[in-house]
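Next up: the structures, one after another.
After this come two complexes, each holding subunit A, first together with subunit B and then together with subunit C.
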Partner chain A sequence: MALLSVEDLTVELQTSRGMAAAVRGVSFELERGGTLGIVGESGCGKSITALSLLGLLPDGARATGRIELDGTDLLSLDEAALCRIRGNRIAMIFQEPMTSLNPVHRIGRQIVEPLRLHRGLRGAGAQEEVLRLLDRVGLPDPARRINAYPHQLSGGQRQRVMIAIALSCAPDILLADEPTTALDVTIQGQILGLINELVEDSGMGLILISHDLGVIGETVDKVAVMYGGAVVEQGDTDNLFNNLAHPYSQGLFAAVPRPGAARPDRLQTIRGTVPELTDLPPACTFADRCAMATDICWRQVPKMAAIGPRGTVHQTACHHVEGVG
Partner chain B sequence: MAQTETVTTEASVAATKPDFIHRALRHRAFMIGLVLTGTMIFLALLSLFWTPHSPTEIVISQKLKPPSMSHWFGTDQFGRDILSMIMAGAQTSIVVGLIAVSLGAVIGVSLGLWAAARRGWTEDAIMRVSDLNMAFPVILIAILLTAGWGPGITNAILALGIYNISVFARQVRGAAIGMWEREFVLAARAAGKGDVAITFGHVLPNIISVIVVQATISFAIAILAEAALSYLGVGSQPPDPSWGRMLAESQKYIFFKPVIAVWPGLAIVLSVLGLNLIGDGLRDLVDPRLARRR
Partner chain C sequence: MSVFLARRFLTFLITVSGASVIIFLLLEVLPGDPALTMLGVDAPDSAIEALRLELGLDRPAPIRYADWIAGLFRGEMGLSYVYKVPVTELIGQRLAVTLPLAIGAMVVATLAALSLGIFAATNHNRVGDYGVMGFSQLGLAIPDFWFGILLIILFAVILRWLPSGGFPGWEEGIWRGVRSLMLPVFTLSLSLTAIMTRVTRSSILEVAREDFVRTARAKGLSRRAALWGHVLRNALVPVLTIGGVLVSAVVTGTLVIENVFALPGVGKLIFDAISNRDLMVVKNVVLLFAAIVVVVNFVVDILYALVDPRIRIQA
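Entry: the complex of A and B
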């Protein structure tokens, strides 16, 4: 059985124009030790998907479907039970290391909190563990840094602290929502390297959310491409990157600038803009921007179907890909 | 960016308590406020043991004397020593301010935090009741209480305290809601912390500067309001000394002995100014983010 299995997850958010589906029928699985990347533009539902795994949706949001962690349906749990899972079995790191640490507490105290909350560690034992964690995430001179306030650290150092907090209870799953977006490129590489190393060492599962295809390609084994709240294509990273099937994925990959390419053509784009949640096309959410769209794309929601060579995992949801419909 | 970041890191890792005192000493407005308020507190404490003359002793033969060696600030229409009355009046002001602000702060902050953590109808209920309370000016609350239980300092304190509940509840709710939307609160929730732990561990410590500033300003307003209430006759009653009543009584002599009105007026202005300066200064000093720039 998969460690985490998400089945037909739909999340509706309250907007000024009524309920709007931000996530539509998303399904995926994560094995113990597996790594999954979720890629897509801003507003495609990646972050909402991640937050729904922790039961941290905004007020008035409604989630349906199933999210099973080791067979327990997270959507059916109450707040107290969710609090025991958050930070303990599923930990999350965020995009902005500048703002995700509390500015008024020293970082040592912020790392101790989950240790005390979930593992009951206190005093010298907790202190020792904090030093070990800070050392593990490669923060220089942890004994001194323990007493530093977040504003006294650089962006990369803060993200290391966030990772230490996330690791503190040895979670089964690490959710990383754009963990390197706010960092400059060299630090980005270091942080991704660190995450990869930690995932390999500890055997925890990783869900990496990013709009950066390079980051996804280097880091994870499986990828899900999201558009308009739905997963449009998913599969093993290598296979998917080499055999893009869905028109949206093709457009997304074509839009990546390639410095030093032979002919400096105009940058490829996908025509149109991401529609508002309330204005999404009724069936295939990409229909209004898709060059291949026909009648059926407006009438019938495309189903996920397997493509690609035997023995690999690769599915897409498009009426116009051969063998799918 | 990365460069300056590292420099500040090295410079301020050692940021500790002595550093706070050092910065406070260099904050001129804060120090002026501290001296003014310190003087007021010192005079009030001193008056508990010693005043130049008795603040309540009436010596008609000495009435309306100008300042002299034996009566530094002169005497009033009953021949009482004005300096002694100002000193004893500081007690009244401090007691009223302290109790009224504590009452308002303790209840108001709790309600504000509760409203921000719960949102929904809890918040609506708290804030609408608070609006209703704010619709009554403090003077009106005091007059209502006076109508029920008679005039006196206790009712003045109560009126100010009740009014302050709304002031603090509003301020704290607004600031706390802002905090609840911050990413570090989301991060704390993602780490499995409950509402109560987040309220006291993350929200309250981040808005403490708002509360401190509000407290000093409310203290100043309470001193003013006590003076106003006593001036109107619904605050402290004779013979208890009060700056507001001194001002009211000196009104009759304003054209031929204006100096008797100046002393209580000056006392009120300087103590209110002092508290406001402390409030502003503290806001700069207690906030680690602002502290870095000072």
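Entry: the complex of A and C
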């Protein structure tokens, strides 16, 4: 059985124009120790998907479907039970290391919190563990940094602290929501390398959310491409990257500039812009921007279907892609 | 730190000197001759002239200003024209009433505002929130003096629990003094509570949306634990700011409240002094008020640095 199994997850958010579905029937699985990347533009529902795994959706949001962690449906748990899972079995790191740490508390205190909460560590034992964690995430001079305030650290160092917090209770799953987006390019590589290394060493599962295809390609075994709240294509990373099937995935990849490639006059783009949640097409959410769209795309929600050669894992939801023979 | 203090002290001196010049000039142009007011319009010119001489009013303004300031450095504020006692002594006696009143009002308002603000924020958009906001709206709308009169009617006249006004003096016993200050303190704290409650509530709501609060929740902290452990301290900064500003409102508020409750405090002192053209008292009390406001701002700056480590005490 998969460690995490998300089935037909739909999340509706309160907007000024009523409830709008930010996530529409998303399903995926994560094996113990597996790595999954979720790719898509901003607003495609990837962060909301991650937050719903923690039960930390914005006020007024409504999630339906199933999110099973080791067979327990997280959506049916009460707040207290979710608190025991958050930071303990599922931990998360966020995009903005600059604002994700409390500015008025010392680093040490912020790392101790989950240790005390989930592992009952206090005093010298907790202190020792904090030092070990800071050392593990490669923060130089942990003994001094433990008393630093977040504003005294650089962006990369803060993200290391965030990772130390996430790591503190040896979670089964690490959710990383654009963990390197706000960082300098050189630091991005270091942080990504650290996450990779930690995942390999500890055997925890990783869900990496990014709009950066390069980051995804280097890091994860499986990829899900999201558009308009729905997963439009998913599969093994190599398979998917080599045989892009869904028109949106193709557009997304074509829009990445390639250094060295013969330079076209213009960078390729996907025509149109991402519509507001409430304005998404009713059936296939990509219909209004898709060059291949026909009548059926506006009438019928495309089903996820396996494609590609037998023995490979690759699925897409498009009326215009031929299924496997 | 010592550089910071030295600098702050310099700022204090400059601000207070500026205030002293303004106060002095304003009183110079104020119509009404103290000697004439004290003796009455029927007094003979010779008597008035003699009194002017006695009060030193015949000397040129710059000399009188210099005298005043030099006196302050010696810890003297001169003699009250009316009471013929040192102004320092007058202020000292009156502060025994005004300080407990002002500090009491600040403490009551802060405690009430923090509790109500937290309660409203945690019940955002629910009945409790609307109730607190309604109360705060009312508190802002009701004039202090009128609220004071209502309290007198209820607690002094109808229920007879508390005295309607006056102050027996601390030598009559702490409890009697406290009893006579209760209604004034509540009256003075009403509008302060109303304002600070709003600031506390909106500040908490704003901080609760910050990324680091989401981090705290992602660690497994409950909503309540995140509020107490992460939101509150960050939310305090705007409350401190407004609290500092409100101290000046308290200082001027005592003037009204002490008149409503017939309390022999500094506010009453300056009110009477202005009516009697007791300029020696007026200028010193006003300067004292100015100094208090500057000192409070200084204290607020230090509190900022204690609450938020990003705010460094700048040398």
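Of note:
Operating definition for what follows: the second predicted complex is superposed on the first by the 321 of 325 C-alpha atoms of A that agree within 3 Å, B and C clash if a C-alpha of one lies under 4 Å from a C-alpha of the other, contacts with A are read in each partner's own complex, and residues count from 1 in each chain.
To be clear about the criterion, contacts are C-beta pairs under 8 Å (C-beta built on N, C-alpha and C of every residue); 3 or more make two chains touch, one makes a residue touch a chain.
Here the structure is a predicted model, which means the values were calculated and not measured.
Following the overlay on subunit A, a clash is recorded for the pair subunit B and subunit C. Once the two complexes are laid over each other on the shared chain, residue contacts for A:N147 go to subunit B alone; subunit C is not touched. Of the two partner chains placed by the overlay, subunit B and subunit C both lie in contact with A:R86. Which of subunit B and subunit C touches more residues of subunit A is settled by the count: it is B. By the touch criterion defined above, A:M162 reaches both subunit B and subunit C.
When the shared chain is aligned, subunit B and subunit C each come close enough to touch A:P114.
Using the contact criterion defined above for the overlaid structures, shared-chain residue A:L56 touches subunit B and also reaches subunit C. In the overlay built on the shared chain, the residue A:T99 is in contact with subunit B and with subunit C. Looking at the shared chain after the overlay, A:D184 reaches subunit B, while subunit C stays out of its contact range. In the three-chain superposition model, subunit A touches both subunit B and subunit C at residues 54, 56, 79-80, 83-88, 91-92, 94, 96, 99-105, 113-114, 117-118, 149, 151, 162, 165.
Residue ranges on subunit C touching subunit A, taken from their complex, read 210-212, 214-223, 229-230, 233-234, 307-310.
Against subunit C, in their complex, subunit A makes its touches with residues 54, 56, 79-80, 83-88, 91-92, 94, 96, 99-105, 113-114, 117-118, 149, 151, 162, 165. Listing the residues of subunit B that touch subunit A in their complex gives 2, 5-6, 8-9, 12-13, 15, 119-120, 182-184, 186-194, 197, 201-202, 205-206, 288-289, 292.
The touching residues of subunit A, when paired with subunit B in their complex, are 54, 56, 59, 79-80, 83-88, 91-92, 94, 96, 99-105, 113-114, 117-118, 144, 147-149, 151-155, 162, 165, 175, 184.
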